[in-house]
Each structure stands twice: as C-alpha cells, then as structure tokens.
C-alpha cells in the first residue's frame, strides 16, 4: 500500500483552473493533490539578443517557490541567489515547452512562463510543465485571435509526471513522502503523442536496472495520457 | 465619480479566506478588490541574535510579488537584489505587526509573516498588513492551544488602508488607476482602537495641507474600522 | 528637561557651510548639532532611460554613512549591499527634492545629490534633505549663470525636521539619545511655504493619537521655518 | 560517416594520467579526445552541518571551465555567478560519485572532487565523472593506507558517457560538432556492474522514441565498459 | 616648471587636524593640498578568527572615496562591489600600518583604520597612510592612558609619498594633473627612520632605469621626513 | 643553504611548452619548478568602450587559481567574488604586458591573456607575466601571418621574477616555503633590455634598506635575463 492509499498506477487528483490572473496573457492554477502551482504566461514583442533578426520566437520559463510552500520555511530566494535546484528546474521547463513550439510560426516574440509554487507536496517541476503548457497555450490563443499569428505555434501537448521505486515497487506520481523515501526517482516529459522530450532518472542508494526503467516508462505513459486529457478539459 | 464607480469613502470588497496552506502555522488569502495577497505565518523556536537571552519574542515580515502580479511583468527578485521598495514595505509590515505584540508574552520564539502578492491592483502593503495580522493571530492561536503560551501576545488588531487626493477630492482605498493619478498618497496603519501605528504621506506634484491630511485621517479611521470587522469575521 | 538641556521647541544649532568641494557643481557641509552631512550636487547632461525624450529633467539622491560616523563602527556598505534603511532614506531625499523642482524648467539633465554622513547624532535624513536642497540650489545657480537654464527650476525651499514623544512630551529635533528612547518618532518634510511634502510617523511601543500628531506638526512648522531661514542665510 | 571518422559505437581515445598534482590527495588528468579535465580530490576532516554527528562521510564535486577552454572565450565565472549549467553539472557529478560510496565506511570526513575543464570538445560532464572517480579512488587509497579507514568506502566503479541521435543514427560519445548538431542527446552514468545511476535524455527538435532510447542504452553499456577498463588500467 | 608651480622636491602644503570625530577612538583630517582624507581608528576588543588565541593584536584598514570626491562623479561603491583599485589600496594601507606595530604589545584587540577620501587630487593612498598612522597613534594613546596596554605598540612612524617622472624630470608628491601625465609613478612607504616598508613603481609608456628610481628614492626620503615632522606636530 | 638546495642566484628549472590549446590564438604552459600556469591569449575584433574609435588596441589579463592548486584547498572564486589579491595580480599582469605593446600597431582589437594557475609553489604572478608574454606573442604572430597587422606590436620582451630576504640573505625566485618565511618580498617586472616596468617591494616584520633593495635588483636582472632566454627558446 502507498502512504496515500493510492494504486501503483494512480495519479493524484488533478485540477486545472484557467484565467486566474487579470494581467497575464494566459494563466492557470494547477493542483496535483497538495501541490499547487500558479502558471502565468507573459507575451512580449521582443526576443533575447541571440534570437534577434532570425524571424524565430522564444519561449522561456522561470520557477519559484514561496518561502512557506514547504513544510519548513525556506529562505526567500530574493535574499540569496537562485539555487542550483531552481535553475535546473526552470531550464527543464523551458526546454520542455520549446519542444512543442514551432518558433517560426510564433514569429519574433517571446513568451515567458512563470511557474510559482504556492504549496508543495512533491512533483512541483512536473506540475509546472503540465500547467505551464496550459498557460502558454492560452497566451498563444490570444495571439491567434488577434491575428498576429496565423498558424498555431503550439504543435502538440507536453506534460510531465514522476515515477519512482518505493518500497521495492514501481509507482506513479510520487508525493513528498514517497519522494523522500524512494530509491529511484525519474521524471518523464512527453508530448501528447507520447514522444519522449526529457528523461531524468536518478538513483539514491541502490542503482536501477533497464527493466525497472522500462516499467517506470510504462507508468509514465499512462500518467501523461491522463494529464493531457486534463489539459484538454481545461481549455 | 471615481474610476471604479465607488463612493469617496468606500472600500473595495474585502474577503479573507483562512487556512489556505497545509504547512503554515497560520495563513490567509486576503482579497481587496483585485489585490490578492497570500499571507503565511511561520513559527520557529529560535530568535535573531540581538534578541537571544532577553526572554522576548520577535515578529518579522517579508514581502514579495510574483513577477506577473502586475500589468507588465517585473523581473523576478531572485534574479536581482530585493529592491528598495520591497525592503521599505517589509520593514513597514514588520513594525506594524510588532506594534500590537506583547513580545514578553510571546516568549523567545519568532514568527515570520510572509506576504506574497499573487495579483496587484494598488494597496498591496496595506492588504499585507491587514492579512498578515490574521495569519499572525492564527499562528498565535495554535501556540495558545498547545499551552506553549499562556496569555495572548497579540494585544490588539492592526490594519491598514490608503487614502489619497484624486481629482482634487479626498478618497479612501486607492486602486492602481487612482494611485498612479493621485497627487497625494498616504498610508495609515491603526490598531483596533484607532491608535496610530504608522503614517506615511507623500506628495507627488502639489504639496498637501494639514486640513487635507486631517480629512484623509477621517476616511482612514472609517476604513480601518471596516477592515478590523472583516478580520473578526474571518477568525 | 531634555537630555541636551534644550527647550521642547528648540532646534540644535544649525550651520551650513557652502562651497566645500572643488569638484561638485554645488556643495555644503550641514551641521545640526553633532550630526554632520556633506552634501554634493553633480550635474550631468544625461537623464535616466525612463525620462529620455520627455524634455524633463531628473533629480535623484544617494545617501551614505562613513563606517565610524556612529558610536559603534558599522560595516562599510561597499562590502555588503545597501541596507533597506539606506535605500529608504535615499528614496525619501530624492522625492523631497523633486517636490520643489520644475522638471520642465530644468530640461533634460540630471542632478544627483550625494548626502554623506560624516558624523551621526540623530536626524541624519532630515539634515540631508535640508543640506541637500542647498547643494541642489547652488548647482542650479551655476546652470542659470551659464545661461543653460532660463528660469529657476527650484520653485521653493524644502527642509525637514523630526519630532517625537519623549518622556511623555512632544519635542522638536531629536538627537540620538532622545531618538532611541522616544515612543513615537516622526519626520516632516515641508516647503518654504509650509506645504507638506512627506510625513512619516512611527510608533515604538505605545501608539500615538491624532492630537499628539497635531502638536508634533505645530513644532515641525516652527522648526522648518528656522531651517529655511538658515538655508537663505547660507546662500 | 561521423564527422570524426569514428564508428557509431567508437569512443574517442581515452587516457587517464594520475598523480598530476603535488598537493591533492588524489588527482588525474583525463583526456577523452580533445576534452581534457583536471580532477583533484581534497580530503578534509570535517563534514557539512547537515551530516555532523551522523557518523557518515560526504562526497561532493565542483566543476569549472577555464575561460578559453572553449572555441570562443567565455566570461570567467569568478566575475559572474556560477551559471545554471555549471551548477547542474556539479550536482550531477556529486550525486554520481556518492552513488558508489559507502558513507558509513568513509566516516565523518569530506572529499571534494574538483573537475576543471582545461580544454572542451563535448562530453565534459561525462569525462568529469569518469576522471573524478579516479581522483576519489586515489584519495581513498591514501586514507586506507594510513589506516584511518578500514574497509574501502568506494564500493564500485562509476563512469559516464553520452549518446545521441546524429544524422538519424544512434552514436556513442559525441564530440562538440556532433553534440551541436544532434537531435537527441543523452548522458548515462553507470556503475562497473552497469547498474544505472543517472539518466538524462533531452530532445532538441524532434522527440525520441523508447526504441531509440533503448539503442542508446546499448551503446552506453559498451562505452562505460571500456571506460571502466581505462579506470582500472590507470590505477 | 610644474603645473602647480612647485619645486621638484616640494611637497604640497600638509595639515593634520586631530580629534575631528566625537565617536572614533582616534581621528584626523589630513589635507595634502586639495587631497583631503578623514581617518578614523576604531578599537575593538576582538580579533579576526586567524589571530584568536595567539595573544597578538591586529591592525587593518579600509579605504573609500565619496562619489563626488573626484572631478567626475564615480558610482557609489555600495552599489557595486569594491573595485580592484580600492582593495589594492586598503591592503597597502593595512600592511604599512602593521609594519610599525608590535602586535604582541597591542594584545588581542583589533584597530580598524577607516580612510575616507572627502576630496581627491592625487596621492590619496599616501595621504591615507600618513593620516591613518596619526589616527592609529591616537587610539593607542587612549589605550595606554586607560592602562589596558603597558608599552606603546606603535614602535615607529610610518608615512608615504609619491614620486614620478613628469616632463622628463623626477618630481615629489604628484597631484592629479601630474599623475595623469607622468610616465612613471612610484609610491614609497617609509618609517620615521627611513626604513623601506613598501615600494610600488609602475611605468606608463616608457620604462624607467635604476638610476631614475634611485633619484625618486632620494626625493621620497626628504618628503617622508617632512611628513613625519607634520605627524609629530599634530600629536 | 636554501630549503630547495638552490644557490642564492639560482632560478628554479623553467620550461615553456607552447601550443597547448587547440582553441586559443596563442598559448603555453609555463613551469617554474612546481609552479605551473596555463596561459591562453584570446584575440577579439572589438575593444572596450573607452578605447573605441581611438585606433588603438587593448591588452588585458585575467588571473585565476584552481581550488586545489594550493596545499590547502581554497574556495572556488566562482562562488565568491574575486579576492583583492586576485584583482591586484591581474591588474599587474595587464599593465606589464601593455608596457611592451605598441597599441597603435595592434589596431582596434583586444587581446585577453588568461593565466590560470594549475599548481602553485610561489611566484605565480611572475610566472604568469613571463608565460603570458609568450601566449601574447604567439597570438600576435598569427595576426601578422594573416596580414591583419603590418608591424609587430610587441616591441620588447617582458618577464618577471621575485627576490627576497630569507634568513638574512638576498635570494632569487622564492618558492612557497621561502616566501612564507621571507622578511622582505619583491617582484620585478623588466623588459628584455632590463628597463623597469613594475616594482613591488614589501616588508614583513623588519623593514629593508636601499642597499638591500639594490642587491635584490641585481639578482632580478640576472633572473630576467635567463627568463627572456627561455622565452626566446620557446618560440
């Protein structure tokens, strides 16, 4: 039995509430169990220097956590530098979103997706990708409605889920308790058609085998399929 | 007529939702119109160095804004240093909350109140004080229930509201549009018994007279009275 | 009796020595009792980005304290970041000076007023505003003499003084000893015609009443009147 | 044909020269083709705060690149903050090395492995792990010879290699040219017994399939086998 | 003829005013022509970690420049990091002062000498050393009067002067105009008995010969002799 | 007898290996005994802002040390700011190299010489200058071969060596053991024709006399002569 009473292949309840910001071009509040992430997409008619003049757009992401999103209060990042963990996560979110964007269809404009964790209970980077995609998609919709963009630059869904080996068994969508006890922890980012975008597997303590990794991939495919359905329902 | 259609002495609709965090010892989401601030109080059994051994407690506050809380996206503070404005605001919140805390009754422990603006439409520092007090009060309640603290260290309410001179008229609770057009802008922090805790008045363009400041104080007293009622209702 | 033996409504001796820098366009050394501030105005034929092309000028201020300006040596700010207190003060000085500047008459140029505290004994921000105005006025004089500016962009005096409640009595111009013991501390920035520019009142311990605030304002008006006279004498 | 003329499953020439530092407790210069990394292990009789009193040791890694290790000179990191990429890499190296360390056998001491890239031609993080293990192993040997440690805390080899999809074909050990053209890039960290320690796969442009990932894993297993042999030869 | 009309071997007028700070344990304002430096010595009953328990004292210096001490306003160092130049200078001042201090006679206490340039016209590091010594000596006097220190830990004078090659001729005590035109610039720090403490010579453009360096040393000896006399007169 | 068994006037064995980088326009690995410095010159077709439009080139240097170049591991500079010592050294290297460069012959381009200490045993700044000159010379050679530069902008050799007073005797080329015990330590930077470029002498403990300084200069001249011969042999 998992600590939460869930089945091995059972996601936490997912809800995606859109339009939560009066300012952002696209926004949603995604809740995966007790993990809550506010995603806000900002559209700007400018691109970073290395893109300028290329005719291509740019999509980037930033990630943050409120100091008391966690069980123990963390030092506010504005008072330190961004941690390595934070930078690693926001680079991952950015690459994941860009993987499904046709930057030429977007044209020379930039979309920044801010993913701010209001409450954390494991899986914040995955929730950020899944919710971030919704915010991005809504911002792009606005752009298409205004006629600034002709064809949809978001060419597929992208969603993410974690798997792990907990108590010797392969499980889907780890919450904080499982995550801190798991021997292996892996994040899978996939498109709507289950193409692999990003894989990150990491052993803590024991190593893992190719077979175990294969079974985690099976679970991830079923999880991402459900998350993509939730994205569709939210739009 | 005010841009929002409100009366001169009319607050924006206030709502205070408590218990919004599974982790914080006290928390609320305060909404003053479109200004939304998440307030979370963290209780720690330690005090800053300059308090150690004094038998007194400490209450402090931190303030932040999500990058897209505003109409135009701001640079994430984790990527810069905290701005002067941010520091000024969080010092104000901290002083305001300490003004109603009996630090000796609290004992040698620290409460940090994080005020994070999810959406901004003027008056974020005032909403932070009003909501921050609720989070603080809830954390203290927990402390009293556990018996760690005998008498209530929160000896009065504290709440805050802005007034200003807009279009030549003295008005209560400025939203962003009024704030950016106002000639004078003042923040009033008062206790439940309308004692003055902090006053900040600032002229932009024309100076203001003692008489005008008096009329702003009248409005502020009525506004704070309503906010204190909302705090009571929320608990 | 006040610790210094002064009357309730008595300023410390004020002296303003002008032309203390061979480099600055305007400068003075202001002494309010043992508080000594070197004020230097720098004129530059450029403006910050957000003013460019507007035809308007800009006036800004910076504030610093030598490490041993105080009783106990402070860490040099060049080795840390500027503290919140420093930023708060320099923002206040800047707003105060701009309140009496006709930015259109100044034209697209910037004046930076550096206020560096050589010795501190309470009231450094007030002395900086009063002395900073003199440095600013001298720099503008140079500009007018050269013909670069036709009409005087400094449209009024501005000066500042603190009041407080010490030993239950309302007193003018707190020195360090009084300031650290005072229950309430307020800073008043006013023009030569006693229009209010900035008000900052803060309770430590007990709150203060509207009546007490009124009596502090009375004292402040008399104090500012004397300071403006000193400014006039210095020019 | 690959740009370098290598076979699909052919590593670049590997050389590992040990004892290159008179100061470090263990050191080597690893060369994987034109990628050269200086690895130096430092042994200290202290541990980070979160380990203190646990009886366990700690192994950590730091990664750096000389400014002209690359084709175009990069800004020296001492003049900026460490980049997200740098932090991501050094966290990976640290986790990889800890995966084969029995921290209880090591006892309360810390080994820091510095991996400094003298010359870069792709695959610097993999070379750092493979060479870093050798430096770590040599430092531990010293510790065992002195009798400070009874049983070998390094319980297995660990080595790393990249694979990718270049020109539609799955290839082993990408150099810089291939890496910048590859559609998919994956890093595999494995033990001497080919247990998986860390997996990182990332699509650029097209996604990759489970089948392609499987074929990359095949190549990685053969590559790691060769690298482990080179580690054994070097000791 | 020198730009200032001085003889080749003529110092600028030197004045050293002591007791300029009500707070510092020792202080002076040194004026070498238009170069004015405020020197303040702070005595603390603690030492840096690397001295603790040794029975020895520590003397250190910090150097700063007000933003408008120079002809063109410099960015305030509190807003940047300390520049390389600043650090180089304060390290030099510290070494120079320590050269004449018997750290064992001082006992485990620290004296920090702050040298803040109020106005600069060349030779600020030399003026800081000469004036810093006076502040240090006064602080030590206090210590001896109180009986905390038995024998005088300041065993000799130390003073500094610059020489250079200007217009082909060797000159003493360069002001800013000469310094910026000089081909060679050298700083000499010597004790009262003309022992060499620090030498720094630097060519700009043409190199200098041993003979020229010898003639600069001659001038420096005469300059330091005069400065030591001024120190004696000031005490 | 010196700790190393060397004669008073004996350099450590010097070797200069050129072409050690496939990327840099000029490079060498200089070994002075156990002090090893990797020098890499980068040529860029741009100049710093203050040179732009002058028709002159710019040569600058940066200096770094790997964390375990020293006996005890130092904190990586990328995690702190550059230390004062580092900045002082790289400013010295830059000035030394520019002293032998005809910036007009170089034209508006910049050469940055990175000197990274792989292993330190005293004298790293001197080795950096001597080796940095070789890297610079090789980069310039490339420029001349390509015809971009007509006449050789490197008009002379420049090399550096330390001298000191150790055990009462004047010695050449201090290693770490001697350096830490020496009463006086001086660095001499000279051209191939033995013109003085930079002198830095510093007493630790006892002061030094003009006579001693003269004897150190004698040794330095013989040392630089040998180093220049080694530079010639390397090219």
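As written, the chain order gives the labels A, B, C, D, E and F, with residue 1 at the start of each chain.
Following the convention adopted for this analysis, contacts are C-beta pairs under 8 Å (C-beta built on N, C-alpha and C of every residue); 3 or more make two chains touch, one makes a residue touch a chain.
Keep in mind that what you see is a predicted model, and the values were worked out from it rather than measured.
Separation of chain C from chain D in touch steps, taking the shortest path, is 3. Following the contact convention of this document, E is the list of chains adjacent to both chain C and chain F.
The minimal number of chain-to-chain contact steps leading from chain A to chain F is 2. Relative to the C-alpha centre of chain A, the farthest chain centre belongs to E.
Residue contact pairs shared with D-F exceed half only for one pair among C-E, B-C or E-F, and that pair is C-E.
Rotation angle relating chain D to chain E: 120°, from a CA superposition, given to the nearest 5. With every chain reduced to the mean of its CA atoms, the largest distance from chain F is reached by B. Distance between chain A and chain D, defined via averaged C-alpha coordinates, is recorded as 28 Å. Chain B and chain D, compared by their mean Cα positions, are separated by 51 Å. Residues of chain B in contact with two or more other chains: 81-82. Chain contacts in this assembly form a single closed ring in which each chain touches exactly two others. One full turn of the ring, starting with chain A and passing chain B second, gives A, B, C, E, F, D. Put simply, chain D touches chain A in their complex at residues 81-85, 87-88, 90-91, 95, 99, 186, 190-191, 195-203, 206-210, 213-214, 217.
On the side of chain C, the complex with chain E involves touching residues 21-24, 27, 34, 38, 40, 42, 44, 62, 64, 66-71, 73, 76-82, 86, 112, 114, 116, 118-119, 121.
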